[in-house]
Amino acid sequence: MIEKLENYPLLKQVYQNLENRFAGALLGATFEKDELCVTADRSNLISILEFLKNDNGFNALNDMVGLDNMNTKKEGEKRFTILYLLYRFPGSARIRIKVDIDENETLPSIYSLYRASDWAEREIYDMFGLNFSGHPGLTRIYMPDEFKDFPLRKDFPLEGK
Amino acid sequence: MSNSLAADLIIPIIKIIIVGLFPLIMVMVMVWLERRVVAFIQLRLGPNRVGFQGILQPIVDAIKLFFKEDITHTGVDKVLFNISPVLVLFSSILAFCFIPLGGTMQIGTYNLNFWVAESPVGLLLIIGISSISVFGVIFGGWSSNSKYPLLGALRSVVQILSYEIPVAFSVLSIIFFSQSMNMIDIVNRQKDAGIWYGFMLPVSFVIFWISVVAETNRAPFDLPEAESELVAGFHTEYSGIKFAYFYMAEYAHMVLASSLAVVLFFGGWLPPFPNVAALSFLHVIPGFVWYLLKIMFFLYLFIWIRGTFPRYRFDELVRLAWKWLIPLSLLNILVIAFVRSFA
Amino acid sequence: MNNQTEKPSFLLARVDKFITWAQKNSVWPFGSGLACCAIEMIATAASHYDVARFGMEVFRSSPRQADLFIVSGTVTNKMAPVIRRLWEQMPDPKWVIAMGNCAISGGPFPTYSVLQGVDKIIPVDVFISGCPPTPQGLLNGLIVLQEKISEQHPTKFIMKDRQHD
Amino acid sequence: MAFKEILLNMGPQHPSTHGVLRLKVALDNEVVMKVTPVLGYLHRGMEKLFENRTYQQITPLTDRFDYLAAISNNLGYLLAVEKLMGIEVPKRAQYIRVIFTELQRLASHLAWVGFFANDIGAMSVLLYGFIEREDILEIFEEYSGARLTVHAFRVGGVPTDINDKIIDMINTFILKLPKRIADIETLLTGNRIWKHRTIGVGVISPEDAISLGLTGPSLRSTGIKWDIRKDIPYSSYQDFQFEVPTSANGDLYDRYVLRLEEIKQSMRIIRQALDTLPQGETLTKVPRVLKIAPGEVFHSIEAPKGELGFYIKSNGTDKPERVKMKSPSFINMQSLETMCLGNLFADIVAVLGSLDIVLGEIDK
């Protein structure tokens, strides 16, 4: 893993910091297409993000992506994945934090760290039906409030129910 | 039919009809002119399909609006809702009674005056009557039972309250020189003085002009009907012919404001340099034509301003009135009074 | 059905012609933009194409003062009640143009949130296809609408009343 | 003194919400106490639709995201797909892409200046902006046949080479534009009312801007020099000389001046690209049925409105598992309340205009 980062001193440094701080707590890390992706657990997500923001300068949240792995997941894996795309001003370094989550589980909201996560979390709630605890106003953002389903789940048909 | 009957009854009635129609005709011309001129400013063509160069466009619009459904939605205060367009339009038309559209013309033994009524306090009356329109705006905005009209009406109140004061002050400086509030006298005094008051009192004129632009709710002071903020302002809920009343009233007020500017500051029906003998051939052209030419200039100015400037914000607008125009007009009056009494 | 075949009297026909002449030359569109087509609608009103030539540049932003509702873009299920309400707020006589494929049939979005055609909620007079239609297309649609207006009988209600007697 | 709040509902149909945005505004007289945007009136289910379309079919759909800058969307999506596939686009195609994206940036900025000025009440500028924009759209029409939703690029390059006629059109346009920009500047930049309306209004601090994830000209107006074209170059942007203008105050006036400056820089890039246009192929060979091995990628470009990113996850079939778009308008829109609080009602409209939002992009 660390060899792949040889040409990317900044990311290498960040990765080493993470390794040192959260030894064993990181569930995995990949590096492909110039992008570092670290898999974290639900329980230590906030502390990893705090560490990245305060000690490593990842001061901006680029985007949050929700994934429904219904068709691709293996037995025992969780159904949904949330990606946090982080950014660093200046320095233009990017890092991706990956958290797996099941339908009934709740992720902590990162609104207190990144205000940009406000609408991003609402979007994921709207599209996938995943809850974020501690979010100031978790309501549907796109669909009308009376809408029952979660459109981006793989079992929801394109034309609607 | 005796001669005196004709002089006392028939001619005044005809004059009343003509003066009543004059602002409406001017409104028609203005609607067309505005759409064409703004179009040319914006490198477009503007309406040019109906009639010669689209001159019938305003008439077509009026007919269409006349045949449109007139919606009075629920929750409306019916009396005020219906009365306000009338108030707005007729307050401006009524004020034309006291505006001299031309000088006196000798027809045989009869002196034909180009005004309906002559009052020793004509100027005061015009300012008073034209201010009634703000009630129409407030009633219309309030009775619509809707929020955008209400906000538009609120803005309108503040705007008229603020800008009435500089108008009054700048008019006061005219009265210092004319010693009369009679509109006809004011024009005649300008003839006697040999110079139009606008050139004599440029500061008063500038204050007057800015303030009347604000009072007619025209750009850059078109806050009560600011389209990008308040949809259509106080007349958002009006449709059909009632909306047409508001639409026409806006232009009628512009014609009135231009007429006031012409009569007070630019010699009404007088040709340029009325006392210069070398230019006496200008007197051949009737006074009415001079008056018309002059107001057209000011009406064009209205359109030009609209096509060029961004819109003021509410607080800037009030600040302009209270921090600049009112102190300036007070100072202006002080200076003029000083000059009048010692020079 | 009877009164449709019956020809209006000479005088009423003249009145009809006069009123429709006014109506078709003064179609004030409702300045409501929904999606991509709205940009082309603005381009049509801008200097290059200048819809003002037909007296149509008065984009009213209040539905109460508009004659023509150009549904310019995708109508979503969330927006549909709003569109319906705006249309109801417009005073008669009113016309509707469905501009672009989205407004006609949902266009490229056969999805859960898009209304598949605005004619499901309001009556449409003219359909203009394209994604988005070019300004020329919109102008053509407006001219078609003008023709349609000039064939209407605004005084028809007088005839109707007479038949009821 | 007790105040009574007026709750005002702006939209979804309102002349200056740039589409079908709805704002719930709480006003104390005219002072803004609260602004809550309500989105979703143009939610077309694009991301769901993408999962049911092949990679090539998605490209024209991306046009409909940000319909004022369709080509930028094409580029953002295609670069992500090409990065995922690991293919290299021919140099000439890269240059052509740069030319058209920069033309699109000009078109978007010109439309923006017009809409922004129109929101503030200077309606003529809207028309002036659209005259020049029309020239750009004619170039697009000559190249691809469409004006607005252009679909100018394909996976692996550009579908057709540009010919002399298009180069001529671009050259004449580039010569004409500076005078037009000067016209707009004489109307607005020095105007007292314009300055009153824009200076010191809608201010946002750099810290807030970063925390809210603001990008594009709105971020640069706070003094942060961040332009992906410069910092993480893509599609041969490293070959061109251009400046990234920044300013310090973070208010509306700065955003306006910045965008005008960006127009000038874009013209510089186009001129350089035309002068140094390399010869060669314009399209790499890609299979007609595009199946991409499982993987994931995130790629972002500097769109006219800010950072436009595409996250694509493939699953081995010809359709993507998930396409997520990071839209600049969506992120910028979040900062509306921060910029508006305590300002006047009229400023909401101005701030909204300055953010350069497009609802197709926000609602997806």
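So that you can tell them apart, the chains are marked A, B, C and D in the order they are listed, and the count of residues begins at 1 in each.
Quick note on the criterion: contacts are C-beta pairs under 8 Å (C-beta built on N, C-alpha and C of every residue); 3 or more make two chains touch, one makes a residue touch a chain.
Just so it is clear, the structure is predicted and the values come from calculations on it, not from any experiment.
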{"item": "Chains in simultaneous contact with chain A and chain C", "value": "D"}
{"item": "Whole-Å separation of chain centres (CA-atom averages), chain A against chain D", "value": "26"}
{"item": "Cα-centroid distance, chain C relative to chain D, in whole angstrom", "value": "31"}
{"item": "Inter-centroid spacing, chain B versus chain A (mean Cα positions, whole Å)", "value": "64"}
{"item": "Rounded Å distance between chain B and chain C, as computed from the means of their C-alpha atoms", "value": "36"}
{"item": "Where chain D touches two or more other chains at once, by residue number", "value": "14-15, 40, 43, 45, 48-49, 127, 131"}
{"item": "Touching two or more other chains - residues of chain B", "value": "42-44, 227, 231"}
{"item": "Junction residues of chain A, two or more chains touched", "value": "142-144, 151, 156, 158"}
{"item": "Chain-to-chain touches, reported pairwise for every pair that qualifies", "value": "A-C, A-D, B-C, B-D, C-D"}
{"item": "Residues of chain A touching chain D in the complex", "value": "32-33, 35, 37, 59-63, 65-68, 71-72, 83, 85, 89-90, 92, 94, 96, 114-116, 118-119, 127, 140-144, 151-152, 156, 158"}
{"item": "Chain C to chain A touching residues, read off their complex", "value": "77-78, 110-113"}
{"item": "Residue ranges of chain D in contact with chain C within the complex", "value": "12-15, 18-20, 40-46, 48-49, 60-61, 64, 67-68, 111, 126-127, 130-131, 133-134, 137, 147-149, 359-360"}
{"item": "Complex contacts: residues of chain C adjacent to chain D", "value": "31-36, 38-40, 42-43, 46-48, 61, 63, 73-74, 76, 78-79, 82, 86, 108-114, 131-132, 134"}
{"item": "Contact footprint of chain B on chain D as seen in their complex", "value": "6, 8-9, 14-16, 29-30, 117-124, 127-128, 131, 187-188, 191, 193-194, 196-197, 344-347, 349"}
